[in-house]
Structure formats: C-alpha cells, structure tokens
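Letters A, B, C, D and E mark the chains as written, and numbering starts fresh at 1 in each.
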Amino acid sequence: MTLPAAISKRLATRRGRVLRECAIEFMLFLAASLSVFTTLAIVYILVSESVAFFRHVPVIDFLTDTQWTPLFDDAHFGIMVLVSGTLVSSIVALALAVPMGTIIAIYLSEFSTPGIREFAKPLLELLAGIPTIVYGYFALLFVTPILQWLIPSLPGFNLLSAGLVMGIMIVPTVASLSEDAMRAVPAALREGSYAMGATRLQTALKVVTPAAFSGIAAAYILGISRAVGETMILAVAAGMQPNLTWNPMEPAATITSYIVQVALGDLPHGSIGYQTIFAAGLTLMLITLMFNILGHMLRRRYRESY
Amino acid sequence: MDAPRVREIRSVIARGKRWDVVFAIVGIVCLMIGLLTVAALFVDMAVKGLPRISLEFFTNFPSRRAESAGILSAWVGSTLVMVVTAVTAVPIGAAAGVYLEEYAPRNWMTDVIEINITNLAGVPSIVYGLLALGLFVYQFGLGQSVLAAGLTLALLILPVVIVATREAIRAIPAAMREGSYALGATQWQTVRYHILPYSMPGILTGVIIGLARAIGETAPIITIGALTFIAFLPSPPFQPEPPFLSFEWLFAPFTVMPIQMFNWTSRPEAAFQVNAAAAGFILVLMTLAMNGLAIWLRYRLRRNINW
Amino acid sequence: MEIARPEVQRFTGSADGAIKAAAGGLSFYYGAVNALRNINVPIHEKRVTALIGPSGCGKSTFLRCFNRMHDLYPGNRYEGEIRLFPDNTNLLAPEVDPIEVRMRIGMVFQKPNPFPKTIYENVAYGLRVRGERARRVIDDKVEQALKSAALWDEVKDRLQSLAFNLSGGQQQRLCIARCLATDPELLLFDEPTSALDPIATGSIEELIHKLKDRVTILIVTHNMQQAARVSDYTAYMYLGELVEFGRTDDIFVKPRDRRTEDYITGRMG
Amino acid sequence: MEIARPEVQRFTGSADGAIKAAAGGLSFYYGAVNALRNINVPIHEKRVTALIGPSGCGKSTFLRCFNRMHDLYPGNRYEGEIRLFPDNTNLLAPEVDPIEVRMRIGMVFQKPNPFPKTIYENVAYGLRVRGERARRVIDDKVEQALKSAALWDEVKDRLQSLAFNLSGGQQQRLCIARCLATDPELLLFDEPTSALDPIATGSIEELIHKLKDRVTILIVTHNMQQAARVSDYTAYMYLGELVEFGRTDDIFVKPRDRRTEDYITGRMG
Amino acid sequence: QLVKVDGSSTVFPVTEAVAEDFQKATKGKYKVTVGISGTGGGFKKFCRGETDISDASRPILKSEMEACRKAGIEYYELPVAFDALTVVIHPKNTFIKQLTVAEMKKMWEPAAQGKVTHWNQVNPQWPNQPMKLFGPGADSGTFDYFTEAIVGKSKSSRGDFTASEDDNVLVQGVSRDANALGFFGFAYYVENKAKLKAVPIVNDKGKPVAPSMDAVLAGTYQPLARPIFIYVNAKSLAKPEVREFTEYYMKHGAKLAKEVKYVPLPEKAYTANLEHLAKRKLGTVFGGVAEVGVTIEELIRREGKL
C-alpha cells in the first residue's frame, strides 16, 4: 500500500501524540519528584541555618556536652540532653503503643466480627484526629495525677505521663496500618492454617502475623516517627526542663518541644539561639531518617511474598 | 480414632481455645482503653464546651471577653486553608501516584522518589513548619498568609495522598489496563479514562484522611508565625463586580481552629478554658465528619466497583 | 435430617467396601444463597472420589463442608448431615468442635498456600498445633510426610529455607506433606493442579494415586481427563445438586443422566 | 531476521489463499526467560487459526506479540518479525508505534474484562480513543458492533446500565463487540471461553464462526474440541517452539509430529 | 486598611483588647492583626518594615536599633502599661512570708544548678524539703527581665527548673506541688488566686510589698514591676488607619489595660505619648539597654525629656 499522503498524515498525528504523551509524562514526573524537592528544601533550610550555628559551636561540643542551655548567659549546646528526652518519651510511648496497637490489630483482623471492625476502626482512628494540644492537657491534668497517686514520688511534669498519652495517640496509627497489612494476607493462607486444625490465636500469631510482617514493621516505623516528632503533648506535660536523663520519671525537654518553645518565644531571628532550632530540627530529621531507612530495609528484607 | 487419642486431642483443643478466649479478652480490653479514651476526651470537651456553643459562637470574632468570643475567623480560616491544601495536594498527589504506578521506570531515580515519600511521611510536622518558615514565608515572601499555610499543610499531607492513590491504582486489575491498551489507547488515555476514574474514591478517601489530620495541626502553623488575633474575614472569593473572582484571600492573614484553641488555653481567665473546650469539641466534630465522609466513600467504592 | 437417614443407611450398607463418610440430605446456604440442595453421597474408604461439574455448581462449597471451613465466615448455614465412620460422628452437628473435625480431615487448596516459614516448619505446623513438642518425634514425622509426598529428595538439604522459594508444584506437594504429617483420615483436594504446569500436575496425580492406599481422598477437578485418570468414584454436580454418582468407569462410559452426558461429552468432544 | 525472510516469502506464496500476517524467526524473552524460540507461522486471511499446546508453552506469549502487549512491561524483548499484510509492515520494528498496531489488531482476553462503565461506553471506547466525537457515528457503530457480536437484542434496552451487570458470556460478547466497533484487521482471542459455562461457550464459538467472513482470527485454546470445532488452521506449540502447523483437519487426523499426536490423543481421551 | 501589629506575648492582651474595640468603634472600616512572635521576633519584622507596630515587653536593644537604622525605619516608643512579675507559691506553703532579692538570687543563679535543691539551703530557717522551681521559657521577655532584676544579668540562670511558654502550665505546676515556687505575669496570678499565694517582695527600701495595682502605681513593688511598650513605625503613621489606631490606643489604653489585669499608666503618660506623636519625637529613651526597676515616675520623666 503506497499512500504517501495518508501515511504522512498518520505520521504527523503520531508525532503530535508522542509529544503530548511525553509532555504529560514529564508533568507527572515533576509532581512525583516534588517530594524530592521537598526533602531537598528541608535539608537546605536546616543545613544552611545549622552551618551558621556550627560555626559558633563545634560539632563535638554539640554531641558530647551534657547541658543544653543555649539561651542562657552561660550557654551550653549539648543536644544529647534533648535527644535523651526525645528517645525516652518515644520509648515509653512505643512500649505502650506497639503491644496495644498490635493486639488491637490482631483482634480486629482475626477475632472480631466485621461489624465491630467497621465500627471500631474509624472510631479508633479518631484518636489520631484529636488535636494534640488536647492530649497535652489530658496528660497533665488527668494522667499525671493518677500516676502520682500510684507513684507518690513522681513530679508533676514527667516524661512518663507524656509518653503514655503519646502512646495512646499512636495506637490507632499502629493498629490501623497493622490491621490493613493483616487483612491483606490472602484468605488462602489463613484457611490453610485453620484447615490444619489451628485455633484463631495460633493462626493469628503463627501465620498471619509473619505473613504481614513487612506491613506491620512499616506501621511500627511510622509510629516511631510520630512519637519522635510529637510536639504539643511534650511541650505541655513533660516539663521542658533540659535534663540529661534516661529516667522516664523525671521532667525533660525534647527536640520538638524546644523548637516550638523558641518559635513561640521572644528570640530575635539570626541570633545563635534562633539557629539552635535548626540544628535541633536537623538532628530530629536525621533521627527519623535513620528509622525510615531501617524500616525500608526491613520491608525489603521481608517483603510479602504470598 | 481411639479414645485416649481423642481425649488428648480434646484437651489440646480446649487449651488452645482457652488462649483464644484470653486473647479475645485482652484484645477487647485494649480496644476499650482506646475507645474509652476517645470517648472520655470527647465527652469531657463536650461537657466543658457545650454551654458555650451557640449560633453566636460561630458568628462572633475572637474577643477578650470569653462570653462573646467566637470562632468565626478561625473556622473560616481553617476552611480556606483546607481548600488551598486540597486544591494543591489532590492534583499533585494524584499525579505523583499515577506517575509512580503507571509510568515510572524501574531505576534508581524511582527508588529515590519512593524512599523519599516514605521518609516524608515520617518527617515530624514541626520540621515542615521550619521549611515553610524559611521557604514560603521568607524566600517566596508569602508572609503569614492563607496560601503559605495551605501549601505547608499540602506538603504535609502529600505523602498520605500519594500512598492512597497508589493503593487505589494497585487495586485496579491489570485486565482493565490491558483491555484499554489492546483497543489502541495511549497511556494517557488509559490513565484518564480508566485509572483516574476507578481510583478516584480511593484518592479522595486518602485526601480526606490527610485533611482530617491537617486540620488539627498546630505546630507547623505556629512555626510559620501565624499565632495571631484576627477579628475580620478575608475578602470573599466571589465579588459582585467583574471579574467576579478575587484571589486576594489567598494572601490575607488568617487564624485557624487549633491556633484559636491554643490561644484560648493559654489565657489566664478560666472562662476561656470553656471556649477552648468548645473549640476543641467543634474541631473534633470536624475531623469526625471528615472521617465519616471517608468511610462512606470507602464503602461506596467497595459497593460500586467489584473487580 | 430425619429424611436423610435412610440414604446414609443405604450407603453404609453398600457392597462396595467400607464407607468412610457420607453426606445425608446436605443443604448449604451462603446467607440467602442456597448453594447446595439435599446432597446424598457416600465417600468410600481408601478410594478417590472426584467431584466434577460446571463452574459455580457448588463443588468447592461441598468440599469445604467436610472440614467445616464455612464456619469461619458469618452467615453460612448447614442443613442435613455428614457422617464420618467408623465412629459415626455427624461432622455438622453444632456440638462437634470444628477444630476437632479439621484435625481429622486435611485439605489441599487450589493455589499452593505454604506458610511464610521454613519448609520444615510448614510440615511441622500441624504437629505443633496438636501440642507436639518432642523434637525427635517432629523430625521423624516431617521426614516421613515429605517422603510420602515425594518431596524429600528435593528438599532434604534445605529444610530451613523458606517455603516460598520452592516451585509451584513443589509448594503444592509441600502442602500435601503438611497434611500427611498429621495422619488425616480424609484428604480434601480443591482443584489441586489447576495452578500448575503439566509436569507438576503429573507428579501430583501420581502422588494421589500412591496415597490411595493410606487415606481416603475427595478431589474437585475441572479436568475431565484428570477425574478419569485418578478417581475410583465420580460425583457430577449441577446447580447445587448432585446429579449422578457412581464408579468413574460407569459414569464416563454410560452416564445415566442426560446432564452428565452433556457435560462430559461437551467437554470430551 | 535475515534468516526469517525466506520463510515469510514461502508463506506468502502459499496456495491457501491470502496471508494476513506471518511470524518470521520470532523469539521472545521475558528478561532472561526465553519464552518463544524462532517461530515461523502464517496467519491466513479470513480464516481462524488455533494455537494449542500444554500450559506454559508460550501460546499467550505468542498471541500477545501480535499487538505488542509485551511493550507494557519492562524487560521484555522481541527478536525476529511479524509481518502484517497487505502493507507488509513489520509489527515488531522499533519504529512502528505499538499504539498503531493495536488500533489495527483487536484482542479478547481469557476473563471477560469489560470496563466498569455503561454497556454503551464500553463499545464506544475504542472509537473515542481514535478521536471520534460525532455522536451519530458513535451511536451507529455501537449498534452495528453489538449486532455483529450477537448481543444487540439482549442489551438494546439497557445500553446505559453497567456492563458488570451482564452475565459472563454476555460480558465476553461485549468485549468482542468492543473490538469489532473499531473494525480490526485481525482479532486475537486468548482462551476466550475458559471462564465460561458450556452454554456461553457455545454462543461464543458460534460467534467466532460467523465473524470469519469479516476478520482474520487467531485463537488460543486449551480445549482440543474447541480447536477442532472452530479453526481452519492449527498450530501446536511446545516449550516455546512451534512444533507443527497445518490445516486443522490434517493436524487432528494425522499429525506429523509425535509430540503433537501425544498431546492431542492425551487430551482427547 | 490593615494595621499589622506583632511582637511580645506579654503585651498581646492589651493590644488585642485595643484592636478589638478599635475595630468595633470604626465599624470594620479598618482591620487589625495582632501577632505573637515574641519581642525579638516582633522587632525583627518591624525593622524589615513588615509590621506597622511592634509590641515589646522590654525596650528596644542596640542590635535591633541598628537593624532599624539600616533599613531606614524610624519609630516612636510609647509605653502603654506596667506588668508586675509575681512570685507565687503553693497556698499550703507557710514558711515563706516574704522574699528578698538576695534569697531569690540564691535560688536562681547559675551556681545554684544541681546544688541548691532544698529550701533550707536558701534560708536555714526554712524546712529541709526539696525545692521545685517553675518559670517561663528561657527565651521569653519575662525570663530576661526576671534574671536581670534578680540575678543581675539577663539570661543568667540555673537551667534545672521546669519551664513552659504557657503560663497556665506553670499555674498547674505550682498549684499541685506544696514545695513549688514559680513566677509569671500578674494577670495569671489574679485569675488563679484561689490556687496560689503571691509572695511579698522586699524592695530596695527594705519593705515587703505584695503585688497589686496600687503598689505598682506607687512605685513600691520593686524591682519586679516593668513597663511594656509599643513601637510605632513613623512612616506607617502617615497611614490614617495606623494613626487612628495609635491614637485610640492612647485614649483607651488605660481602661483596657486594667481590664486585662495590667497596671495602667497615669493619664498624663498617655497624653504625653500623644504629644510625642504630634511633635514627631522619635527614638528610644533607654539607649538600647534593658533596665530594671524603672518606676512610673521615672518613666514619665524620661519620656518627657525626649
């Protein structure tokens, strides 16, 4: 068939089509890479302000000093003080949220009726929707007095009660995502276990949980990120006292509560005190990044292969 | 089966079932702790805040007198910020999700983007606040405007939207895609006529869940410095005279619900704690309504399209 | 249920050797959907019984009644009975524990579904569930089960590697080994080869043939040739009813019912 | 590719009427897996060509080369050529746009895959993709296509209802109508009836028979009888190779190759 | 028609009250925003020309004056009220009747960190019980002023006390611990009189004076009474809305300051401010240093000399 006119017309429309497709693909690519730009921007902002900070404060001091008093006359910049507060409160939160979230997830996915699940899950997710400032006062005015009644020596501000309430707040994140992962386990696997004569708990613990492990790990990691990054609860209930401690029964400041404190305060921009929040933010970012990379590796290693 | 073996097996089963029951009870207790906390917080706010909730509470501006203070500028501000957030996050998030599921080649660049998105989902919201302060407020000179806050929260919920989009797209069977391509559709036609429409309920669910989270965010908004007394509304987007549409509101100063609540909680007068509870109650109702909408959408999705 | 009795009696008294199980007046409902209607059929001991019929006729549903799999989902309802002999238990009686039923009756699924564990743990799973702790006993039974499933030679050097690393046919044999380790009295197969290639299919069919000496088998298949090759008895189902049951040779050569004939010839050419 | 030429020439010069398409020296790789090896086969115009062979032999892979479906997934690689006549285009040439190929060649899948849209929109989709906007033209073509697919009478009163509400067989005919609306030169069927019951299967086979006057058809089937019933030519594939090709009557009566004979007799009983 | 005010959270309640009434009085013709970004943050924006008026809980500092000068920003300094920092203890605390500056210095100076932990270390007559200190965050103007007045050097303080940006949290902390001592703005004490006890401070004349409006007016509550200011951009004053707002502030400031529990200046101070505006008397009278113990009389005298 030699129809030059028809063919050249087809070629013309084809070129137009290919061009349009490329343009669209490029735009979609831009949208996807926006996330990379966001990260770069975050890193840029944090690093550029931190550079000025580290010109004043040697990195070694930053990492090894045991005091954090950047705004005082006698300034010390030992970030470990804030890191310890952050880690202790996160550990307390996770010690509550991980078992509780996992148990709830197993219960909802393997034990409860669909009716209960459909009803309880969104309600539980509401826990994640309550403004964290409300939790802050809940910790301070409700949980702390109860804990003080149990442990008379407990000070009015402490990491324990802030951490526990933070744990409650994270429970829905852990429970909901883990439950999604468990429900994604094919029914065939579950039925295979039941057909062997296993009970619900055996099926849940020995078959469903391992099969959903990578999803559950992702839920834990997100929970950790939430805990490490939580701000208002700690700002209200943990005492904001820069205190290098690994004891949850003491008041302490965390990275986030320090940042929000400075953001609310009377500090002039450009001062060394102001730059500390970026150095602290950078530390926070690095900590969460570490956990996320860990999570990524876990997921890679245990990717669902059912 | 012989009798001893039967007895033995029965006792094993009985033991297993006992553990089932124990676990079920533990599960219910855990669930109850969670649900009771929600209920307690909710009821507490309701009991404290209800006396203040009236029509005036919604139509009054904030005031130094607790009884006449209202949340007009706050809920309008929240709504406008959410509109900006949704309008930016939905197209960008959906586009990014579509790119990653439908277009992205398997190479290191895609890997980088994917790791990035999971990582961004875990970045503390206060870090977004720092980003917005440096980038939107100062670099772009947007100031403490509706636009700056909306964009900040859009960045914050973008990972949620992208993940929801990808899940929704993944649920579409390959047969749909192949059916479309086999008829000679281009990739974009396939996306436009199939992928996007079929995943839309899932995308919207993700967006709403993201927005429900964003609407309660305090820290990043405080960081951009929007802790402000505002007793007026931005100019409305619809004007009586041509060109009828106005985007002035994008650059207007604003306040939002959690900020208003935060402001009230830190007042000396006890009467303001009532306002704070009332504002908190309404904020939770807003998230509740959004989550409800998301659940309804999810339900619709399941009922209408059954692969 | 009263109506069903005579039928069961009739089967038990059959001349064809012992009866391992028998469905009597069995009906089944998925909520409002009536998937099985008044089914009466005997399962002969140490024989292979094949269930055939067009898609959606209720073969899987029927099979899954035997190990009370339907109990896992709400809204399902049984009527009638399935008797297991020699003890003459009604598997469907509410007072009978489904877990006990499942401990006596094994099942192999359409798609191989090994657990996300090692090969060894997959086979040991049933024993562990039964409360067996002795390492030596488990080792022994695992080896025997893998041997019976004709898999031992292929996997004996990598018992600790993940079951997912096996090929489809090996996975299916692993699932069979998993059942065999617990000495089931009855084995249910639901289209065990439909996800497998011809070579794997061949080895599974051969295995079924060998297992016949030890255990009673009930198999669902879409493949007429397979039914003809492996089974001693065949039941033809249509729209939730049992149309015809008999020796496989008879059914394939001179079906009594027109619908059976249509199906078999339609499929056979 | 040079090697392939003579083969194609040979087919084109065949005495059996016009050739619509021909694979020459076609090999295909899924990454490192070599799924097709040096396949040479002609597709006769306005005839039905059946592809048979055991599961996993590469039938679907071969079929999907014709509309470059493999281009959708990364890592796939073609070698050799598929010529489409009369214009003698090499469908696999990199400079040929796969979308153009698919516009000329329709495909019907194993499982009916109507879009979750209305019946009307399903059939109109191909036209819309081709940029057709005129309402009247689309209405017309939709009606014709549904008539050709023997579906018009069943759905003409509910063109606006969702395609999912149709039965399996109707859905499959809808998918055929969807292809016919765009006047394809070649229609590919990949086991179009394997998910359907015997009655629906019958009506699809009848339809294929009717369509032969209008369009060239290439069909993959597992079902020997179906191949014998509907096709004019049959190709037998085994482990990625074409073992035998010829008139269906010849292949089924006196296959030249032993493997073909084994397969056909094994399957036929 | 927008007046932009930003700055100290201490001044916020007064400015907010003025803004509210001003907008009502002008029937929405003018809009006012009042932000809280701290005195320092406020000056930063003010000296970039981003705001019209800056709330300040301390006089402008040298570095800030420099920044304003560079940007060509001239300003009027207008004192608007007095705030009385209040030292509070638990109502059950009976051993503290009054506090001298020296005693408080012993409690708060940097050298006390980790060492002075019991009451009897401050004053041997007090019991041997643990001492719990509460105070605002180290970046607030209140903290700066307190350290300056008590320890003698701004931001010079021990670090191991419980801090919060939110004074209500401090109220909670002190009211729940019999061994607590804290300090914050007068308004928070007035609202929580039932839960807290204010400690009389021994002034430079040797007389213990409890915080009250009268004592501040009389100049006897020293050194913890401090003036608060607004700074008005001279250029902005050309805009009618800023001028009207400022004038409104001066006319109604006294009444409104009292309403929000601050100590108003005498009437003549406000008229003097208005005169400054009329006569274009720019600049500050503090020379860029923060001073403590400035009485109302002294303030009026100094402002008059501009």
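Simple rule for what comes next: contacts are C-beta pairs under 8 Å (C-beta built on N, C-alpha and C of every residue); 3 or more make two chains touch, one makes a residue touch a chain.
As the structure is a prediction and not an experimental result, all values here were calculated from the model.
Peer 1: To reach subunit E from subunit C by way of touching chains, what is the minimum number of steps?
Peer 2: Each step joins two touching chains, and the minimum needed here is 2.
Peer 1: What's the fewest number of moves from subunit B to subunit D, given that each move must go to a chain touching the current one?
Peer 2: 1
Peer 1: Report the chain whose mean Cα position is at the greatest distance from that of subunit C.
Peer 2: E
Peer 1: Determine which two chains are connected by the greatest number of contacting C-beta pairs.
Peer 2: More C-beta pairs are in contact between A-B than between any other chains.
Peer 1: Quick one: subunit A and subunit D, Cα centre-to-centre, how many Å?
Peer 2: Between these chains, centre-to-centre, one finds 51 Å.
Peer 1: Roughly how far is subunit C from subunit D, centre to centre by C-alpha average, rounded to an integer in Å?
Peer 2: 37
Peer 1: From the mean C-alpha coordinate of subunit B to that of subunit C, what's the distance rounded to whole Å?
Peer 2: Chain centroid spacing, subunit B to subunit C, equals 49 Å.
Peer 1: In whole angstrom, what separates the CA-based centres of subunit A and subunit B?
Peer 2: For subunit A versus subunit B, the centre distance works out to 15 Å.
Peer 1: At least two partner chains per residue is the criterion; list those residues in subunit A.
Peer 2: 17, 197-199, 202, 260, 264 - these are the residues of subunit A that touch more than one other chain.
Peer 1: Return the residues of subunit E touching two or more other chains; collapse runs of consecutive numbers into ranges.
Peer 2: 36, 41, 165-166
Peer 1: Which residues does subunit B have that touch at least 2 chains other than itself?
Peer 2: In subunit B, 13, 16-17, 186, 225, 227, 265 touch at least two other chains.
Peer 1: Any two chains that touch count here, so list every such pair.
Peer 2: In this structure, the chains touch in these pairs: A-B, A-C, A-D, A-E, B-C, B-D, B-E, C-D.
Peer 1: State the interface residues of subunit A toward subunit B in the complex, per the touch definition above.
Peer 2: The touching residues are 17, 20-21, 24-25, 27-29, 31-36, 38-39, 41-42, 45-46, 49, 100, 103-104, 106-108, 111-112, 118, 120, 122-135, 137-138, 168, 171-172, 175, 197-202, 204, 218, 221-222, 224-226, 228-232, 256, 259-260, 263-264, 277-278, 281, 284-285, 288-289, 291-293, 295-296.
Peer 1: Would you tell me which residues of subunit D are touching subunit B in their complex?
Peer 2: Those residues of subunit D that touch subunit B are 67, 69, 72, 74, 99-100, 102-103, 106-107, 109, 111, 113-116, 125-126, 128-130, 164, 175, 178-179, 182.
Peer 1: For subunit E, which residues are in contact with subunit B within the complex?
Peer 2: 2, 4, 6, 12-13, 15-17, 19-20, 23, 28, 31-37, 41, 50, 165-168, 185, 187-188, 190-192, 259-261
Peer 1: Going by the contact rule set out above, which residues of subunit E touch subunit A in the complex?
Peer 2: Subunit E residues touching subunit A: 8-9, 36, 38-41, 43-44, 57, 63-64, 110, 132, 137-141, 144, 147, 153-157, 159-166, 169, 172-173, 176-177, 180.
Peer 1: Okay, in this complex, where on subunit A does subunit E touch?
Peer 2: Residue list for subunit A touching subunit E: 67-69, 71-74, 140-141, 145, 155-157, 235-236, 239-243, 251, 253, 260-262, 264-271, 273.
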